[in-house]
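Should a chain be cited, it is by its letter among A, B and C, assigned in written order, with residues numbered from 1 in that chain.
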Amino acid sequence: MSALNLSLLYTLAWRNVWRNRRRTLVILLAIAFGIWSMVTLAAIMRGMIEQQVDNTINNLTGHIQVHAVGYRDDPSIDNSMLSPGPSMLKVLRSEDVRAWATRVRVPAVVASERESTGVTLVGIDPKAEQGLSFIAKAVTEGRYLQSPGDQGLLLGRKLAERLETSLGKRVVLMSQDIDNEIADRGFRVTGIFDAKMEATETGFVFVGRTLAQEMLKLGARVSELALVVEDRQDLDAILERLANAAQGLDVQPWTKLEPLLVLTVKMYDATMLIWFVVVFLAMCFGLVNTLLMAVFERTREIGLFQALGMRPRFILSQVMLESLTLLLTGLVIGNVLAWATIAYLGDGLNLSAFAKGLEWAGMSSVIYPLAAASDVVMANLLVIVLGIIASLYPAWRAARYVPVEAITRT
Amino acid sequence: MGITLRLAWRNIWRHPRRTLLTLSAIAFAAAILVFMVTLQLSSYDAMIDYTLRVHHGHLQVQPEGYLHKPQIRNTIPDARALGSHVRQLTGLSAVSVRAMGFALASSRARSYGIQVIGVETEYEGKVSTIPGLVKKGRFLSSDDAQEAVMGHVLARNLKLNVGEELTLLGTGRDGSVAATVVPVVGIFESGSAQLDRHLVQLPLGTFQDVFSMGDHAHAIVVLGDSLEEVEELTDAVRFGLPAGSPLVALSWEALIPGLKQAIQMDWASGWFLYLSLIIIVTFSILNTFLMSVLERTREFGIMLALGARPGRIGLLVMLESIWLTLLGLAVGVVIGTVVVFYFHIHGFSYPGMEELAAYYNLPAVIKLALSPLSLTLGPTVILLVTCAAALYPALRIRLLKPVDAMRGV
Amino acid sequence: MGHTVICRRLSKTYHQDAIAVRALSEVDLDVPKGDFVCLSGPSGSGKTTLLNLIGGLDAPTSGEITVDGQRVDLMTQAQLATMRLKHLGFVFQAYNLIPVLTGQENVEFVMQLQGIGRKERRARAQAILKEVGLERLENRRPAKLSGGQQQRVAVARAIVSGPSLVLADEPTANLDSENGEMLLELMGRMNQEHGVTFIIATHEQLVMDHARRLIHLHDGRIVSDELQR
């Protein structure tokens, strides 16, 4: 009994699977549908979660941020830091870093002729922000800032509405300067920007960094440094080098800056795994039952095999192989369907009916499903491995039939 | 019919193991559904209630347009009187008047832009939990007192303690400068990151004074007795408003549309999962139904030969499926109920929930509570789907001819 | 050892619910090599039971069975399987063939289990199918063969693996007299030409007439044992 017999086993298994076409089709449908729902749902959820991460990173967070120690607890002007020195610049200029920029970032008040409200004032180097954050591409009316010394101001659309102001009009920015005095300065609104989330439009106001530094008497100091790397998975190496170069400063990856996001990602992973197991269990009942029925129907035949000298192990292998055939066929169908579904949704799943709800949860209303290899592999592996384990029971029962009972059973 | 029922029951138990497996599949799906649906519905109720009670209330009367553009000039005139009117109208005492504005809050060390709300000290505690959540010091004493309370994160950022002075600088209703210096008498921990970081509360009279409001305000907050009555209550208040006034009565769904939609979305995505689950389980057990019909072809042939009508046999098979499903559902419902009960006593939460809850302004532990809906919704859908599936084998029987049946294996 | 089968004081009792049924009582039997034996008797006489015990498909309540010098009653399931594979062939009344395999594949089946290579398997299978007169039907599945043809394939398979003993249980019961006659002639020829011992259980006169040695069972005991031809 050797590898020679594998082909015999396989021939028997394959033909037996198709003996009862209808029954096989029904269970195949169950398996296919199961894996389809696993993979598709995982892709949709993964797409949502990746979007959330990208949005956050794009939304000024970046992959790594550097601040003065204490800024994160108290993001005020007191906790400003010097511009990066030569050792830091060396790390920043390496090819792992895709883009980096320093910013002034303090709480402020913006007032139009009619209204005033609290915002975060962000003084930027416009060119450096390209490829780093959303603002470089977000200006839809007027123009983007040209340089750190640009006299203009960028206002979010929703905020402009709330302040009842518009392009070309004047607003006043007030904030606390480094001497603890209230500094204020007038700006003309030179650009209006649109962001994916309303909170971004109402929360930030952008000006040239030099202007912010002048207004707040910062000199060459800044509030933060943000950067994005080429490969998000490879963060730790750069983090270490930067931390070493930035002695005395607080260097943090986005995972620490947005622990809530990290938590949400973990929860999605856990939820998906639980869902996979639940779907599998649902399929499992059907699989085991179908195999049991197939075995029961063929008791006579199994008795025949035993009479012909086939060992129990062989019979067990045959049933297991039938089960594996069912599983693999179902998986192939289900995966193809899932791939087709995801491709069809490639332009985005439009959930704008729930736009406000999504915004409340921090997501935008068009979701792009993302089929992550790890999710797909895990789903399929789970089904195969657990499926084989579940098939052990019917296979064991088949092998245990006593020949006489088997043959004489009607 | 009686004999058919009995026959159906006995037929199910011909193959005990097969029946038990099928039962388990149905029970599994039913238990999961009972638990998950209850979890969802309980969460929603808890979320809404919790969120509303902290600050928003069940409904608010506001000037038209204020919701989308909260401008200080858009006001409710003679607000206190309207407040009393609403109290009389609804018979509720949980009605409170608020005036809101924006200001720069400064301590000696810092300044921050924050929201200032003037509240009726007598009534605010009835519509909001914040007065009860003052952890240091005390809440505001009277409508004219020169005092303020603030969130604990703001207090920390401003480096202010109870007894120290807070400077407020903003723009009044008439465009004039609104400025005042008041001592901080209390610091609250609301559990909502936003409120704790951006909110300062003044007594209503003091606010109206500082911001040149006269007797105007911006909102009348109402907290009903229960969530179910909110629609009625909102209608009642709406009709009770003075005719032709530019005021609107907005229920919480209009105040925080994101909340309702988030709930709807969660509900919808839940059902995507549940339906997938039900369909998979149905396919799983469809084979059982099919097999049990096909292997009795001969027997049915004999029944037909004896004079039974195909319709009756079809009914028999449907009854078997229904019996089986009902049994499975019963077991599943019991299991699901036990699990729900466990979490009813101990509360449901999972690692990480606390942090998420604080951010989204939700309760950190959910007490599961069964409702007739949550108990029956899942199982009913399962019943409908499995019966639809069972129709297929049952209908095939109608095509059976006695001779074919008896010849077939 | 000239004897293929030796039974000593063989007994088998079945328990059905609370009732004990004595299928065989203290049976002694010697079957020499190359014998063509018929076990006859009415239903319930124990002939099928005896056949099953000799073939290791069932275990005796007491007594000994020796096949080809080995004690069948002392073997484990695995050993029995090996014995059946190497030393025995079976022909049943019905359901002899594996439905999903063609006639030729059915014949090759046991050889495959024995580990015989493809070329040799194929040659032997085709040869034996020719011997039984089915050389053009080898690619049909059992469902497409008549009852008589199916039984002939079964005999071919039983012989081709080179057993020393073939056990047949009512092989002609489902066939008309012409086919039954043909089958018995075939089995007789196999017995002569390949030297294989045959033990056939039957209640049909047709079969009994063909037997060289006729053993009659009644109520679990051997009542007569005669040579006929």
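Keep in mind that, in the parts below, contacts are C-beta pairs under 8 Å (C-beta built on N, C-alpha and C of every residue); 3 or more make two chains touch, one makes a residue touch a chain.
The structure displayed is predicted, hence computed values, not measured ones.
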Number of hops, subunit A to subunit C, where each hop joins two touching chains: 1
Centrality ranking, top chain (CA atoms only): A
Far-end chain from subunit C, centres as C-alpha averages: B
Inter-chain pair with the most contacting C-beta pairs: A-B
Subunit A and subunit C, separation of their C-alpha mean positions in angstrom: 67
Centre distance in Å when subunit B and subunit C are each reduced to the mean of their C-alpha atoms: 74
Chain centre separation in whole Å, for subunit B relative to subunit A (CA means): 26
Subunit C residues within the subunit A interface of the complex: 52, 55, 57-58, 77-78, 81-86, 88, 90, 92, 95-96, 98-101, 105, 109-110, 112-113, 115, 117
Interface residues, subunit B side, partner subunit A - complex: 17-18, 21-22, 24-25, 28-29, 32, 69-73, 102, 104, 106, 108-115, 157, 170-171, 198, 256-265, 268, 272-273, 276-277, 279-281, 283-288, 290-291, 350, 352, 355-356, 359-360
Residue numbers on subunit A that touch subunit C, as the complex places them: 1-2, 4-5, 8, 11-12, 15-16, 19, 300-301, 303-312, 314, 402-404, 407
Subunit B-facing residues of subunit A, complex: 22-23, 26-27, 29-30, 33-34, 37, 41, 74, 76, 78, 107-109, 111, 114-119, 161-162, 164, 174-176, 180, 182, 259-260, 263-264, 266-267, 275, 278-279, 281-290, 292-293, 351, 354-361
